[in-house]
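Letters A, B, C, D and E name the chains as they come in the text, with residue numbers starting at 1 for each one.
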Amino acid sequence: MYEDKNQHWGVTIRNITNRVSRKAGMMPGSLVHVGEKRTEKPKITIIDYDRTNYHEKTVDDVEECFPFKDSSTVSWINIDGIHQVDIIEKLGKHFGLHPLVMEDIVHTSQRPKMEDYDHYIYVVLKMLWFSEEDADVKAEQVSIILGKGFVISFQEIEGDTFNSVRERIRNSKGRIRTMGADYLAYALIDSIVDNYFIIIERFGDIIEELENKLIDDPNPETLQSIHDMKKEMIYLRKSVWPLREVINGMERTESALFQDTTFVFLKDVYDHTIQISETIETYRDILSGILDVYLSSVSNKMNEVMKTLTIIATIFIPLTFLAGMYGMNFSYMPELGWKWGYPAVWIINITIFLSMYIYFRKKNWL
Amino acid sequence: MYEDKNQHWGVTIRNITNRVSRKAGMMPGSLVHVGEKRTEKPKITIIDYDRTNYHEKTVDDVEECFPFKDSSTVSWINIDGIHQVDIIEKLGKHFGLHPLVMEDIVHTSQRPKMEDYDHYIYVVLKMLWFSEEDADVKAEQVSIILGKGFVISFQEIEGDTFNSVRERIRNSKGRIRTMGADYLAYALIDSIVDNYFIIIERFGDIIEELENKLIDDPNPETLQSIHDMKKEMIYLRKSVWPLREVINGMERTESALFQDTTFVFLKDVYDHTIQISETIETYRDILSGILDVYLSSVSNKMNEVMKTLTIIATIFIPLTFLAGMYGMNFSYMPELGWKWGYPAVWIINITIFLSMYIYFRKKNWL
Amino acid sequence: MYEDKNQHWGVTIRNITNRVSRKAGMMPGSLVHVGEKRTEKPKITIIDYDRTNYHEKTVDDVEECFPFKDSSTVSWINIDGIHQVDIIEKLGKHFGLHPLVMEDIVHTSQRPKMEDYDHYIYVVLKMLWFSEEDADVKAEQVSIILGKGFVISFQEIEGDTFNSVRERIRNSKGRIRTMGADYLAYALIDSIVDNYFIIIERFGDIIEELENKLIDDPNPETLQSIHDMKKEMIYLRKSVWPLREVINGMERTESALFQDTTFVFLKDVYDHTIQISETIETYRDILSGILDVYLSSVSNKMNEVMKTLTIIATIFIPLTFLAGMYGMNFSYMPELGWKWGYPAVWIINITIFLSMYIYFRKKNWL
Amino acid sequence: MYEDKNQHWGVTIRNITNRVSRKAGMMPGSLVHVGEKRTEKPKITIIDYDRTNYHEKTVDDVEECFPFKDSSTVSWINIDGIHQVDIIEKLGKHFGLHPLVMEDIVHTSQRPKMEDYDHYIYVVLKMLWFSEEDADVKAEQVSIILGKGFVISFQEIEGDTFNSVRERIRNSKGRIRTMGADYLAYALIDSIVDNYFIIIERFGDIIEELENKLIDDPNPETLQSIHDMKKEMIYLRKSVWPLREVINGMERTESALFQDTTFVFLKDVYDHTIQISETIETYRDILSGILDVYLSSVSNKMNEVMKTLTIIATIFIPLTFLAGMYGMNFSYMPELGWKWGYPAVWIINITIFLSMYIYFRKKNWL
Amino acid sequence: MYEDKNQHWGVTIRNITNRVSRKAGMMPGSLVHVGEKRTEKPKITIIDYDRTNYHEKTVDDVEECFPFKDSSTVSWINIDGIHQVDIIEKLGKHFGLHPLVMEDIVHTSQRPKMEDYDHYIYVVLKMLWFSEEDADVKAEQVSIILGKGFVISFQEIEGDTFNSVRERIRNSKGRIRTMGADYLAYALIDSIVDNYFIIIERFGDIIEELENKLIDDPNPETLQSIHDMKKEMIYLRKSVWPLREVINGMERTESALFQDTTFVFLKDVYDHTIQISETIETYRDILSGILDVYLSSVSNKMNEVMKTLTIIATIFIPLTFLAGMYGMNFSYMPELGWKWGYPAVWIINITIFLSMYIYFRKKNWL
């Protein structure tokens, strides 16, 4: 059920740490895209706002982003596509990003982490969603740069969980337009984490289905599904577990980029990451239990098969022996001439049959 | 035995973290009720007391609670029903609750936690009880706001473990009337935790029954029960484990809302949460052991079945072969003409039978 | 082997955390005896001593203990029987014990713990002994109050491990008469912990027996014994594990009730608790290994059974088939007329038999 | 597949902690080579550079290295071959290395570690590579001495992962020529860690192959391969796990040998060690799952075998019994004379056959 | 292979925590020898040295050791035999040892530990060696007292790992004659730890043999050996694990008894204890894997047995049935009269045989 095909809009979660070795031996800070190969031009969108104003535009040339670095408004630059490293490099140089940060942005095998570079904070994490199409979890690496008055987000491909944030900015809904860039960064992370719950619940449903199948009709495919789910949990956990540290690190940072009012929101998203991690552990425990039940139901089935064989064989083998005895061709076999010989054999047979039946009943095999 | 139906007065413990995703993409602090759908009007009760006075009333309009915020007495406002979010919102605004707190109150998937907002403390935990009706644990989220001179408790539905506290206030029994709001908050938490012991003991009885069944008559349903109990333990643990931190956090808080004399009582309830957690771990260990015994008893049964088959087959197959030999129709078979041929076959049969019997006796198969 | 009867002088270790729920809903600090029901009058003994003087008496009225609170000598009040809560209450009130401490003293489900109430220290732990009579571990809750110049010990029933301490006081043996009440409290705890070693060694012997049985004659009862021992270890661990913290807490306390010279003795008993805990873990590991060996020996036995069946069946089934062929009654069966037909069948039979035998020999099945 | 031969250019990873005992009883600081025996002369190479100058030479006499100790340029002395301990000793004495450091350099069983000796830092770790030739991981101990203005690296044999670093120095590529000796030390460690990713990915491929085999055609060799991979993971982990502490120690050191700008690079390589460790844990988890699937597929196969036997035996044994009955030679067997007796037996046979067939269908055995 | 006999020169490692209970109820600080009973007189040896002088003598009377307490040279007093407690008591009193220290010296069940008594340091650990004679690990408790200018070592029996230290002192080899008593204490511990590597490697060889047996010819004895090795690991670990803390405690002590130059040597022996602990964990993991392979190879064998039976039975049972049909004695059985009836049965038999053969081939059972 959980196939491993790379889709046009993301990679399956199981591949997210693959092909890291492509860069072995390269200079630290080398900008080399490691991830799914793509050819389309990256899409750059700018949303610029403050309490009263709001502008949104898509730009072709990355240099159009440069003025927003020092604007007094909150500026959100979103890049969909990181495979054209020269764009990342230009942007990174203007915004003063460390070469190692740029390297990590274009290298899609990062473990979720938070790094504080004084004048900006770098956060990298995995955006996940459940693709119903091929019943698998898709993953995309998202890098977020939080600077003074700006947020830059880098995604591998178009399509994300940020639309609700965009809507709230556009419609001036809630507090987002009255808060700073740090709140925007929080809102983006929150929307990514919220989406994890959907995956978690989808897996919850699949596990429930597995449990039902287990009772109704366990078969080797059930086992394969248990194993697949276990693996999904292992990979999911790799994306979620480090997130706790990431958000905890943001809460405890002494960076001037964060306003005090934002910390309570970070605490809220931190709660969510803990809830998700715990649910993953719960699912792992339940899957272990399901495996135990499966293995034991296989044993029980075997028991039933063996009982059937044993009952039939144990009843008929002695009867067949008896019939064999009177099928012998010895000249002198007195019983053969008796009038009641043949009925007597039937009576013996029925007696043996019945006593065996009672015996198996008593042993609870029938 | 442990079915999964939602009852009119609570949800089964296994559902308490479900349907979180309903809120994905919403603004942080959005008041959306996540939990069992209900239509009845929430019930608001106020108990107001000090050393000498005592008033109790049920109010229709939430605004009737507002004066109690600054009364010098201890005021306990209890809300049964959190599905009407406008009531929560009005109350929350008057009492100065943070939007994220209000969001958590109406969102019934919270992990137990304690948050200190300086002028009030927010505690959320699970009230559990064992429903004998459908032999399952029911859970309800309880939020407690402890402010200066007041406690607000939010429950999902009517019916709780607080009656003993109410009685003690009414009858001025014990020290409760002489203590502050912090002691009241403690008393509520203590009554919830005391109830956990009942569940724990009920599970203890079920596990003991399982062990007895294991010896008397293990069958596939036993396995299913073991698996179900294991799962109950996993979910129970999710409710109890974080409670240790919650109460520990209250003990260590430097909030002015707590009087020194209350800490020793918090320590007492902390002891209880540790006892409960340890018992859950103990039960998990014992259930693992029960599973091992079950699996091995299945193997032992199989062994017994196979032995029966093997003994019967091993004795009669050679005898049948011999009978078959003398059933052949060759013209020249000298034995057939012998007078003692037929009795000789019987003697050989009995000899084989007896030596096999002795052999199996020696091998301890009989 | 490990039966579950309550004896007249203690309860089996497995019951020590049971029936806690009896108190759910009660006022904190309610004095309710939770434990084995008893009717006899509690026995109160006072031992009062200093370097030169020594008095010992049994009193009927608890008020006779009161003068010893402020005597300059070391006074040890021992109460055997905590079911008469009024006695505990009177004593507790005079000696200034907190209601929660009194509650814990009469509630026999306490997890071992140490609490520092400035003018006294409260320690609760489990006294264990191995009852050879019914081959089970018995447990009794012991509470120790260490105050300035006095020690009060509460036991559930008469009979304890303190006789050696009493002897040393009576005979002025060793340093006990020259030291304070803190050393007396240490000496009591040390005598309880020393007794744990006896249980540990008794279990060591039982485990060794189990291992021997495993090799000589494994059977389903062996499995039940392994499971029982595993459970004993789980319960034993619950009594011993928290003791580490208890004694560590006493070592690190800054209470004026302890003299500097006593700490090195506490360190010694701390070493013992670690040794005991480690041995319990060792036994758990070994029991897991024993279970593995047991399960695998069951599989090996099955293998042997199946081989026997397979060898017999595989040899005789083809032979029986051949005999059956020449037992057919076709009119035209040329072999039947041959003179050497019948001996030929025997030769074929013996050939098949021998080649099968060689084949199984090669396969190492014989 | 993973054989254990020592190759001419390294030892298999499983041997890296062997033969430590050779030194038992020797004086601490004794220079005794513990590792693969070799006879060729060690090769000493010096690369000396600063922002503008660059020299590279191979020297025959270790004393030619001495002047570089105090040169103002960055000097990298690389020794291939540590079996000639007198060379190590001469060099160590001139550069002021502690005897215990020299001992560790020539003793190839070191656990990765970092030691700060004020005027130099000693780092020892394992250089690993995957030998496609014999499908096994090869390991070599690399010691790095970082002093003021110099780096000394000791390898067991020629051939390493440092070529990319050499190229960057030669071609003045990147920042390496502008940075100090500390950056050079970092670059060497980074090139070693980068190589771990290649091994990790190779193992990822092997595990994927194993999973495919598991579905297509599981056999005892699959089991052996799972066990082998598990062991590889255990040994790999022993090389990688301590590396986290090593690099963390370098990051946190207060040594004057490190410039501030280097720490961000150490943080980057630290990320890599965490990623590698986590992937190893992931692989271990997956291998456990694979083992479960394998074991259960063996059980399933057995089930299928037993079902086949049971179906055949259960159908034909009663039929054979019936045939045996009418093969008896009693004089008085009325059915034998009936005209429709023989067809009736066939009809009974077919009826039994069909009802058995339907029965097994219903039981889902067919 | 791993028998449990006590030898004349030590006890098997598995017994080292036994018979602790002998002392239950005794006064703390009671000098009672707990260990193997012995009668010979303890042997007391004194080695006294400084940079220029060296004396070695064996004394009969313990009082001859007393002058060395305050000599300005380094004095090493070694006692072989601790069963004569009066000797220990005299020595202990003169050198100012605490009664609890003396108690621990003669009580051979100590867990390795380090205690700082200001004017001396007490270290107790296990000296282990592999007895090839009865293929088992022998253990002996060694206590070391480090005071100002003296070291006292207590062993259970003659024979130890200290000869290399003695040689270095005698021959003035290395730095030992130029260093203080703290370095001597280190040298003794180092020689004990070095010996652990020999045991570790011996076990490594045994595990390798086990793995080979597993592939060549697994049998129930293999299982017993796995279980025995697992137990050896458990006991070995109990001796080695606490050693980490012991040496770490020595490194971090602020005692004036240690010179700064000694700490780097303690760090070296600390490295060794970590290496040994890790190898023990590695061996435990590998033994688990070996057990899995063993269990699964038993299942595989069973599968093979069952396949053999099933193939033979499934082929011949239908054939035998057919033969039985034509062995019936019905008067009217037209086939019996047919000329080609008998050959037809053979053709049917061969057809059934061949199609079964092809069927099993396809199923991969042949």
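Descriptive notes on the structure:
The rule is simple: a residue touches a chain if its C-beta (ideal position, glycine included) is under 8 Å from a C-beta of that chain, and two chains touch if they have at least 3 such contacts.
Only a predicted model underlies this, so the values are computations on that prediction, with no experimental measurement involved.
Touch-path distance (fewest steps) from chain C to chain D is 2. Where chain B touches chain C, under half of the residue numbers in use are shared by the two copies, so each contributes mostly different positions.
The distance from the centre of chain B to the centre of chain E, with each centre set as the mean of the Cα atoms, comes to 43 Å.
Between chain D and chain E the centroid-to-centroid distance comes to 26 Å (mean Cα coordinates, whole Å). Multi-chain contact residues of chain D, defined as those touching 2 or more other chains: 295, 299, 302, 306, 309, 313, 317, 320, 324, 327-329, 333. If touching chains are joined by edges, the resulting network of the protein chains shown is one closed cycle, each chain touching exactly two neighbours.
Around the ring, the chains sit in the order A, D, E, C, B, counting from chain A and moving first to chain D. Those residues of chain B that touch chain A in the shared complex are 17-21, 23-29, 98, 100, 109-111, 113, 115, 217, 220, 223-224, 227, 230-231, 234-235, 238, 291, 294-295, 298-299, 301-302, 305-306, 308-309, 312-313, 316-317, 319-320, 323-324, 326-329, 333, 335-339, 341-342, 345.
Contact residues of chain A toward chain B in the complex are 161, 163-164, 168, 173-176, 187, 190-191, 194-195, 197-198, 200-201, 204, 215, 264-265, 267-268, 271, 274-275, 278-279, 282, 285-286, 289-290, 292-293, 295-297, 299-300, 302-303, 306-307, 309-310, 313-314, 317-318, 320-321, 324-325, 327-333, 364-365.
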